[in-house]
Structure formats: structure tokens, C-alpha cells
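Each of the two complexes below includes chain A, the first together with chain B, the second together with chain C.
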Partner chain A sequence: MVKLKNVFKAYNQRKVIEDVSLDIEKGTITSFIGPNGAGKSTLVSMISRLISKDDGAITIDGKDIMQTKNNEMAKKISILKQTNAVNLKLTIRELVSFGRFPYSQGRLTKVDEEKIDEAIDYMELRDIQDKYLDELSGGQRQRAHIAMVIAQDTEYILLDEPLNNLDMRHSVQIMKTLRNLVNEMGKTILLVIHDINFASCYSDHIVALKDGKIVKQGRTCDVIDQCVLKDIYDMDIDIKEIDERKICVYF
Partner chain B sequence: MKIWHLVTLLILFSFTSVFLGVTDLSPKHIFNLSETQQQVLLTSRLPRLISILVAGASMSIVGLIMQQLSRNRFVSPTTAGTMDAARLGILVSLMLFTAASPLLQMTISFVFALLGTLIFMKILEKVKFKDAIFIPLIGLMFGNIISSISTFIAYQNDLVQNMSSWMQGDFSMIMSGTYELMLVSIPILILAYIFANKFTIAGMGEDFAKNLGLNYRQVVNIGLVISALVTASVVLTVGVIPFLGLIIPNIVAIYQGDHLKRTLLHTALLGAVFVLFCDIIGRIVIYPYEIPISLTVGVIGSAVFIFLLLRRRKYGL
Partner chain C sequence: MGYKMKTWILAVIAVILMALYVFYGLTGNIGYVLPRRLLNLLAICLTGGAIAFATTIFMTTTNNRILTPSVLGLDSLYMLIQTIIIFFFGSNMMVLLGGSVNYLISIAGMILFSLFLYQFLFKGEKNNIYFLLLIGMILGTFFGSFTDFMQVLIDPNEFMMVQDRMFASINNVNTDLLYISIGIIAITFIYFMRFYKYLDVLSLGREEAINLGVPYHYVVKRLLIIVVILISVATALIGPITFLGLLVVNVSYELMKTYRHFYIILGAVLVSMIALVGGQFLVERLFTFSTTISVIINFIGGLYFIYLLLKENRKW
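Right, the complex of A and B next:
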């Protein structure tokens, strides 16, 4: 379980996260939604210890994330940020192999190789595993990075806007994969996502943020609500139920 | 290019290098050396060969490490002020301790090289406009500023002539007794190989490295220390060899990718082969005189560099 207690964060006196407390259950997908600058990415970066918090406590399975060894944490929680940042010429397989770094420090064992194969197969990258990342389409590159996270084999997976720059087909493909990771492998996934319909259709819980504070958190069906969304986005959003899914119409 | 291609070239050029020179020495003499020949071989030819191999391999690898850590393909000891800072260090050591031992000179030069590189990295962090070409240009300017400080101090202290010996890389002065210091590069390069995976991960960015539980700062610092140490030892013994750390890693990246585990050996071999080749050319062109290595490497290297710049889109650099 991921627990946040009274977490604060400010950049140059400008508060970006104010008094956030939050419990995230195991085996669920939790989406963080909210307008630009709400603090979603900051929050996820703090949970994955990429940036430090100013005040409060963040624990994962009862362990304080800052007190635990880097290497131990890297086996427990992984984060994937925007993936177009990598500018090295690496093959898919080399990238996925890095996922095993916390376990093997670069000297891959047989178990590591198996895990890498599994991850590559899971993301259906076998045929192109020796291609360089810069030769791939956006969707393939995203899948390669997710394969790396699968190889890292952490209980908790954080993704910061995983659908950025992806078309509908690839977006759905990625979200279905994430759903499967939760259902089949029992992972716990935290997402920062902009498209509230993707959040509505694929997540178990939603945390809605605005100006660094939690506006509403709870089960997806409770957060996808006209009044709540009005509060978050200052927009009148019509909600239609189609095949037991709540779809927001905001155009 | 396969590893054995490089090894073959390396052996071929090494033989050429050993048997090339004013004193007559050819392979048929090898088991029947006269005293002069033996002396030439042991005090001049072999030390020269070894220093060429070490300088070529180590400067190329330093370039590779610097490129990964700065996440820019055109950063190298030449384009980050490292070489100029190392030279300033030597000058300072000459002024402070007139009879400084080579080891002390190297230590001071190393400290300066490290400081210079650190300052450049700090500038990199502050620069908003991260264009691949713009960054090395800043580095060149930074290097020239350091260089002009050196020249100014040298003029004031009548040390200009001493300075110029480190300005130009030159293997013709290499003899046993003067090059051994350079051998410190070898264990450092082994260290680089051990850290190869970590350098590549650090090259993927700080967030990426932290996610995998890597101590990013520590790895970057180790990389910079390695770079400064190797640069200082080469500048002190051979002098400045431009472009090497810039072009060799990029050529290797074209056919071998960027994973350090896969590229380190290629880079070392290609660097050594390239310098050997340039040295042989320099010794042949105006035989029996010779052209300093910095000139031959500079001419050939800058041509290759321009070619790489123009074609980099095609090669995915």
C-alpha cells in the first residue's frame, strides 16, 4: 500500500502540493486527473522519489521511501516519464535489459534473461527487439519502455502521461495492457492522465487534483460526476452512460 | 566493422610504426639487433608505439564517456575546456614549483582539468537552448577563454615556449623515461569498463537513472574524474590531440549503437588505429622530418567531424 500523509511541496515559495493525504490500495489502477499545473506530475515524481518532498510522509508497504536504499526501492516501485527524452542509440532489448539493473547491476544472470524475454513477449516486441529506439514509431517506443518496466518487475508502477502523442488505437492498446498487468500479475498502477474518458473506462480509483490539493478521491464512479468535474475543470461536462461506462462529453 | 578488422589493422600499423624511422631497422633484423638498433627500439620506437596506442584509445574513451554523461554527441575533452584547463594546470604547476616532479605536475593538471570540466557541466545545466551544435560551441569558447588566460600568464613569466610543447601533440619527443606517466590511463580505462553499464544508464537522464536505483550524481562524478585524469596524463606526456574524443565515439556509434558495453572496446581500438595511422602519415610526408600528430589528426579529424555533422541525420546521431 502507498500512503501519503500531509505532503507539501513548494518551488520558490510557490506551493505546488498542499497537504495531500492519500491511500492507494494494492492491485488497483489509480488515475490522477486535473487541469494543467494541478500538481499531478509533481505528486507522482515525489512518490517515486525523483524529487524530494518538503514536508509530510510517504510510505510504501510501511517503509519510508527516503529511508530505504535506492536499490531496494528500485525493486519495489518504478516510474515511466515521457519517453521521447532518450536520445541514445539503443536497441529495444538493451533498453528492456536495463530494467534488470536493480537486480544484477548490469551482469545479467539466466533469471534476468528469462525476465527480459518474458517482458518482450508480453509487449509483443519479439520481432523488432534488435531495432534501435530511434527507428520506432511512438507507439512501439512506448511499448518498449513499458516492457522495461515489466522487466523491472516492481509491485508498483507509476506512469506519467503514458498516452502522450499516441493515437487512439495505441492508447487503447496501452491501457488494456496496463489493465492486464493489474488483473493478471497483481501489479498496482498509478497514472497521470489527461483524457478523463480513459481514466473513467480503465481505472478503479481516481484522484482529482486542483491547485495542489485533492478535490475529490474515490472510486471511479464517484469521481466521474457532473458536480465534481465542474469543480475541477470549471466546465460543464455532460456524462452519458454507455454500456455501463461513464463517458464525459465536454465538446 | 568487426572487432577482428580493427585488431588486424592495429597489428599491421603497429609493425609499420616500429620499423619506420631514420635509423635503419627492419623486421629481418629483429633477431639480430645491433646495439644501436636495440637502443632505438627500446628507448624510442616501442615507447612511441605504446604511447600512441594508449593516447588514442584513452582519449577516445574519455570522449565517449563525456558524450554519454553530458547527453550530447559533440562534447569531448576538446569541446568542453578539459584540455585547455589541463594545460593551464601544467603551467601553474611550472610556476609554483619550478622543479615539480611529473607526478605533481599531473596532479595539479588533473585538478584543473576536473575543475574546468565541472564548470562546463554547470554551464550546461544553466543553458536553456540545448542544441546539439550549440553546446560544443560554448565549450570551445570556454576553452579558448581558459587558453587565453594561460597564454597571458605564460607571456608574463616567459614560459611561452614551454607552453607550446603542450599546445601541440607530438610523439617525436616520446622516449622511455618520459611516457610512463601515461600508463596510469590503463587501470582507469579498466575502471571505465566496469562502470560501463552505469554510464549508459546515467546517459539516459537523471530520472531514468534514479528509477533504476542508480546514484546518479556519484556516477557522473566518477565519469568526470576519469575524464580529467586521463586527459591530464595525455596532455602532459604527448600534448593536445584534438578531435579524437569527438569523432571516434561517433563513428563507432553509427555501426555499433550507444550501449557502452558494446562500444568501449571498438572505441578504444579504433582510436588507437586512427592515431597510429595519422602518426605514420605524419612521419612519411616530409621524411626524414615529421609533422606533429596534432596537425595530422587535426586535418583528418576536422574533415571527418564536418562530414559527421553534415550526415548526422542520416546516421541517426
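Right, the complex of A and C next:
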């Protein structure tokens, strides 16, 4: 379980996160939604140790994320950021191999190789595993990065706008993969997402942020609600139910 | 052709050049000339290796390909220290102090200065590499102007002493200093081995490194201190060679086309030795000392730097 308690963060006096408390259960997909500048990415970055918090406590399975050894945390939680522009000469397989670093410290064992193979097969990258990253399309590159996260084999996976710059087909493909990771492998996934329809269709819980505060959190069906969304986005959003899925019409 | 093969080819070229340097035109008092040349060769390889090695680490930890520690003003600081010593104490003092005191003062000065500069790098959450560059450039220019100012004031004879140190030269290596340098570099290298495994991961960038469990601040701080020690030792031993590091590391990246630091570092060290030994060979035998190695290296390095800027520019 990921627990946040009274977390604060400010950049030069400007408060970005104010008094956020949150519990995230195991084996679920939780989406963070909200307008630009609401603090979604900041929150996810703090949970994954990329930036420090000013005040409050963040624990994962009862362990404080800053007190626990880096290497141990890296086996528990992984993050995929929106900007993953690696400008190295790397093949897909080499990138995925980096996911094993917390276990192998650079010397891959047989177990590591097996995990890498599994991750590559899971993301269906076998045919192109020796291609260089700069030769890939955006969708393939995103899949390669997700394969790396899978190889890292952590219980908790954080993704910061994983659907950025992807077309519908690839977006759906990625979301289905994430759903499978939760259903089949029992992972816990937290993601920042802009498209509320993707959030509505694929997540179990939604946390809505605005101006660094939590406006509403709860089960997806409770948050995808006309009044709540009006509160978050300051705009009238019509909600239609299609095949028992709530679809927001905001055009 | 794979990077292993390329490494071997580089190694062969380096060895051939070294042999050429030592044995070409070996006449006269061999008992004197041969040990002299071997010592020079050792100094060249040591500094070349140290600069290449340190620059690779610096570029990896700061995630850039065009900044080297020298660009941050270390070279101008070295000149300033030399000039200050002569300005205040005179060239007699320089002789009296002997090489090793001057050497240690220079190293200490450069290390302290870098530690001060690094404070800017670690301010805030992100690496402020551009801010660091800006501060380094400004201070570098300041040191340069201040050096000029003092040089104008001093006695012309004393100025000759300073000028002598303005360009890297391997023609007369102080044996004592060479042994001290070997010692310092060896100790630094042993300390470095603890962090070697992190290099490949660090080249993915700060966020990936933290994600993969690298104790980022701890490792990067220590790596940068290692860089400074190596560069300071190399500069104090033979003088400032601004562009060498930039040149050899980038050539190594272009040649090896891999992310593996083992081969990148090995390639950079070999290219560096080839450039220095080959350059020194040209200086001594072809130009018969009418120029210095740093002039050649800086000329080629400057051209390559412009090429790099133009090439990077096209990408945007």
C-alpha cells in the first residue's frame, strides 16, 4: 500500500502540493486527473523519489521512501516519465536490460536474462529487439520503455502521461497492457492521465487534483460525475453511459 | 566492425606510435636518451589517459557531450595560480620552492575552486548545468583578465617564466612530479572502481538513475570530485590542454557507437594517447620544437568543436 500523509511541496514559495493525504490499495489502477499545473506530475515524482517533499510522510508497504535504501526501493517501485528522450545508441534489448540493474548491478545473470526475455515477449517486441531506439516509432519506443519497467519487476508502477503523443490504437494497446499487468501479475499502477475517458474506462480509482489539493478521490464511477468534473475543470461536461462505461462528452 | 575490434585497432596504433616515439632516430648517448624518452612517454600516456578518463566521467554525470571540466575555467585558474606565485614571490621563489610545492598548490587551488563551482550544480532538484557553465565561463574570463593584468605589470624576465607555463609541454617532465602524479591517479582510480558499475545507468539521465536505485547525489558528487582530481593532476603536470578531453571523448563515442562505458573509456584513453604521442612526435621530430603540443591539439580541437556545434545545431 502506498500511503501519503499531509504532503507539502513548494517551489520558491509557490505551493504546488498542499496537504495531500492519500491511500492507494494494492492491485488497482489509480489515475490522477486534473487541469494543467494541478500538481499531478509533482505528486507522482515525489512518490517515486525523483523530487523531495517539503513536509509530510510517504510510505510504501510501511517503509518510508527516503529512509529505505535506494536499491531496495528500486525493486519495489518504478516510474516511467513523460520525457524519456534517451540519446544513447541503445537497442531495445539493451534498454530493457537496464531494468534489471537493481538486481544485477550491471552483471546480468541467467535469471535476469529470463526476465528480460519475458518482458520483451510480453510487450511483443521480440522481432525488433535489436533495433536501435532512434529507429523506432513513438509507439514502439513507449512499449520498449514499458518493457523495461516490466523487467524491473516492481510491485508498484508509476507512469507519467504514458499516452502522450500516441495515436488511439497505441493508447488503447498500452492501457490494455496496463490492465493486464494488474489483473494477471497483481501489479499496482498509478498513472497521470489527461484524457478523462481513458481514466474512466480503465482505472479502478481516480484522484482528482486542482491547485495542489485533492478535490475528490474515490471509485471511478463516483468521480466521473457532472458536478465533480465541473468543479475540477470549470467546464460543463456531459456524461453518457455507453455499454456500462461512462463517457465524457466535452467538445 | 564491432567495438571490440575497433578497440584492438586503436591499441595497435597507439603501440606503434609509442614505439616510433621511443625508437625513431635513437642515436647518441642511448643510456641518457632512452630513459628520458621513456619517462616522457610515461608522462604523456598518464596525462592523456587521465584527461580522457575524467572527461568521459564528467560528460556522463552531467549528461552532455560538449562540456568538459576545462571549459569551466580550470585552465585559466591554473594560469592565474602560476602568475600569482611569480607576481608576488618572483621567479626566484619559483625555483626555490621547487616544482613539487608549486604543483601541490596548483592542484589544491583547482580542487577547491571546483568544489565551489559544484555547489551551483547541486542547487535545487535538477542539474543546473547551464548555470554552472555560465558561472564557469564568467570566472574563467575573470581569471584570464586578471592574469593578463598581472602579467603586464611584472618584469619581462619573469613574464618569460609565466609564458613558459602557458602552453602544455612534455619536453621536460619533472621526474618527482611524475611519481607523485602516478600515486595520486592510482589512488583515485582505485576509489573510482566502487562507482564504475553506475556509469552506464547514469548515462540514461538523472531520473532513470534514481528509478533504478542509484544513490544519485552520493555517486555524482564523488564522481565529480574524482574528475577534478584527475584533471588537476594532469594540468599541473604538463599544463593546460583545453580541447583534448572534448576531442578524444567525442571521437571515442563516434567510433565505438555503444553506450558501454568500458569501451567508451578505453577508446577515449587510447585516442588520447594516440593524439598526444603522435602530436609530441610531430612537435619533436618534424617541427623540431618550433611549436608546442597544445597548439596543435587546440587547433585540431577547436576545429572539431566548431564542427560539433554545427552538427548539433542542425538537429534542432
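Heads up, the rule we're going with is that the second predicted complex is superposed on the first by the 249 of 251 C-alpha atoms of A that agree within 3 Å, B and C clash if a C-alpha of one lies under 4 Å from a C-alpha of the other, contacts with A are read in each partner's own complex, and residues count from 1 in each chain.
Throughout what follows, contacts are C-beta pairs under 8 Å (C-beta built on N, C-alpha and C of every residue); 3 or more make two chains touch, one makes a residue touch a chain.
This one's a predicted model, so the numbers in the text were calculated from it and none came from an experiment.
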Chain A as common anchor, with chain B and chain C clashing or fitting: clash
Touching partner for A:S78 - first (chain B), second (chain C), both, neither: both
Which superposed partner A:D134 touches (first chain B, second chain C, both, neither): first
Partner chain in contact with A:D55 - chain B first, chain C second, else both or neither: neither
Touched partner set for A:E25, first chain B, second chain C, both or neither: neither
First (chain B), second (chain C), both or neither touched by A:D167: neither
Which superposed partner A:D236 touches (first chain B, second chain C, both, neither): neither
Contacts of A:D121 with chain B and chain C, given as first, second, both or neither: neither
Those residues of chain A which chain B touches in one complex and chain C touches in the other: 48-50, 70-75, 78-79, 81, 86, 88-90, 94, 98-99, 101-102, 105-106, 152
Interface residues, chain B side, partner chain A - complex: 68, 71, 196-198, 200-201, 203-208, 210-215, 253, 257-259, 261, 316-317
Partner chain B, residues of chain A touching it in the complex: 45, 48-50, 69-75, 78-81, 85-91, 94, 98-99, 101-102, 105-106, 132, 134-135, 152
Touch list for chain C against partner chain A, complex: 125, 197, 200-201, 203-208, 210-216, 257-259
In the complex, chain A residues that touch chain C: 48-52, 70-75, 78-79, 81, 84, 86, 88-90, 94, 98-99, 101-102, 105-106, 152
